[in-house]
């Protein structure tokens, strides 16, 4: 499954609800819209993401991190940045579920 | 101040943001709409409410607890139930701030 | 659709009733989907479990009490399964006795397996 | 309004930019309010602090980058104060150096005192 | 007391306008004056005149119009309304279209300003 | 691959329709087929024809109509649209008004169903 998370993890339970459903190794996470705030180094969700990435890939959407002023060196290591083409590829590879 | 909280504390940061701003003894809390889920005995927010009520009054809106099937005996002790008339009175007594 | 396999679709209900319209419009979808002879299931996780709470009385709000629909979803509207996540119930101080309908209370891991079998998941 | 005391109003910004329109429409309010010669302040708490993050580039989104407005709110649009809550910044791994505008970074207790002085608070 | 109201959410999707309506009715019954209801953000959708909710649901547009008949000012923000297509004459029931300054005027003229 | 799209949020208020639009453009460029966009909940507001956003903002109604010219089906839910006043002929640009069954048909006809 592709878990698309689009709400800020600081504001909404979407992030915390979603990561409880990441059970298999082939589950991947895509952070979009305000969901990208989870990737910020030094933020509250850095350790949760690092722990998650031991088994599961985490992606974030380029347009959304750019808009929010998050620079590449501010992003937790190993989080992969993809564009809308990459977003489409992930949806082709995995069945999507949106957490809003 | 009258802190009106209208989002579910399980879903939104409105509740946790608001209670950090309850500083004075004359601050009171009114739970409306999905905010009323905080009052449920045995729920995650029971202790937080009890702690808060040592200094500050907490009200919840009758119409909203009724609609959500929360019975009076399921409500954390000392939370006061008010109707829309009571809501108006609280706004008259305190300057309101809505946390959504 | 004769001869074809039924399509498995799950409505994933994550929002509380009344505060927003999502749950009400999710029910409207459940009712319509039942008529299509596919394999439709509904799951309640997070605040979605509040939708099934017994004793809802909306007279003071002036709104429709749509919780009456849940008990008849399986028999009257041909929904295949209603799943409720056990962990979400517990976190909210609720148990099966608090619920309005006969539902399948399942652990998160079981529900995740069900999701893996779906062709489509529609979040509400 | 001569001879009368100015009305103190605070826009309380609690939402992140771009994901919803609240922050953008809050800015439109700040710009208009400035023209009325009242005492208007703006506070950023919770996810609202993200609105002030440096380096926003919305070209990939195809949306307007409205963060440019913040640095000129006080001088050009006669907003009296811009407060940012220190605790919310820290929780998000941000400091004053990350912010686009000269703002007053204040602790929650100080901001609470400011709120107590307001005639009206408008949440966004 | 003079009470001003700001509505930031649209009809049906959020309970906000319903809570606002019930609050306003109670306030008027208690003898308070409503200085006006300002519709901002998605709140402007509450004045869409073409709403046709099912019979067993309240028609929010009409309920608000009843308040207007009782003398409550309904003010729709021009910028928020234009963006969303809700101030076109053929589309919507809008009595007073105004700029954001009117929201500040409500703050000035009211003893309390409450947001739904 | 055949991709179906469900849009649950209104324009401007939420970024959902903008992400959906950018996703759909990228998917079509990559050669995938969009089986349809179903507008539900506040998503129906995306088809309000009277939108007049400021010049430096995208007109979402028109962007979607451009997709339609490229052959993408736009389907507005009749129940959600009626409730909100968005399927009246004089008000809104609606090509296909349909029941919720069409949403299920999209699930059946698509390899993937994605919600914005």
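Every chain is named by a letter (A, B, C, D, E and F) in the order it is written, and numbering of its residues begins at 1.
In this text, a contact is a pair of C-beta atoms (placed from the backbone, for glycine too) under 8 Å apart; a residue touches a chain by one contact, two chains touch by 3 or more.
Fair warning: this is a prediction, and the values are worked out from it, not measured in the lab.
Trainee: Hey, how far apart are subunit B and subunit E in touch steps, shortest way?
Mentor: Minimum step count, subunit B to subunit E: 1.
Trainee: Taking each chain's centre as the mean of its C-alpha atoms, which one ends up farthest from the centre of subunit A?
Mentor: Comparing chain centres, E lies farthest from subunit A.
Trainee: Between A-F and C-E, which chain pair is linked by the larger number of C-beta contacts?
Mentor: A-F
Trainee: How far is the middle of subunit B from the middle of subunit F, if each middle is the mean of its Cα atoms, in Å?
Mentor: 38
Trainee: Could you please state the distance in Å, as a whole number, between where the Cα atoms of subunit B are centred and where those of subunit C are centred?
Mentor: 28
Trainee: Nearest whole angstrom, what separates the Cα centre of subunit C from the Cα centre of subunit F?
Mentor: 25
Trainee: Give me the residues of subunit B that touch two or more other chains.
Mentor: 6, 10-11, 13, 33-34, 63, 83, 95-96, 98, 100
Trainee: Give me the residues of subunit E that touch two or more other chains.
Mentor: Residues 8, 12-13, 15, 22, 41, 57, 79, 112-113, 115 of subunit E each touch two or more of the other chains.
Trainee: Hunt down the residues of subunit D that sit against at least two other chains at once, touch-wise.
Mentor: 18-21, 46-47, 61, 63, 119-121, 123 - these are the residues of subunit D that touch more than one other chain.
Trainee: Return all touching chain pairs.
Mentor: Touch list across chains, by label: A-B, A-C, A-D, A-F, B-C, B-D, B-E, C-E, C-F, D-E, D-F, E-F.
Trainee: Which residues of subunit F touch subunit E in their complex?
Mentor: Result: residues 10-13, 41-42, 45, 48-54, 57, 61, 79, 82-86, 88, 90-91 of subunit F touch subunit E.
Trainee: Name, in rising order, each residue of subunit D that touches subunit A in their complex.
Mentor: 15-20, 46-47, 50, 53-61, 63, 65, 67, 91-93
Trainee: Which part of subunit E faces subunit D closely enough to touch in the complex?
Mentor: Residue list for subunit E touching subunit D: 4, 6, 8, 40-41, 79-80, 99-101, 103-104, 107-108, 110, 112-113, 115.
Trainee: Spell out the part of subunit C that touches subunit F in their complex, as residue ranges.
Mentor: Those in contact with subunit F are residues 7, 9, 21-22, 25, 28-29, 32-33, 35-36, 38, 40, 119-124.
Trainee: Going by the contact rule at the top, pick out the subunit E residues touching subunit B in the complex.
Mentor: Touching subunit B from subunit E are residues 1, 3, 8, 15-16, 19, 22-23, 25-27, 29-30, 32, 112-116.
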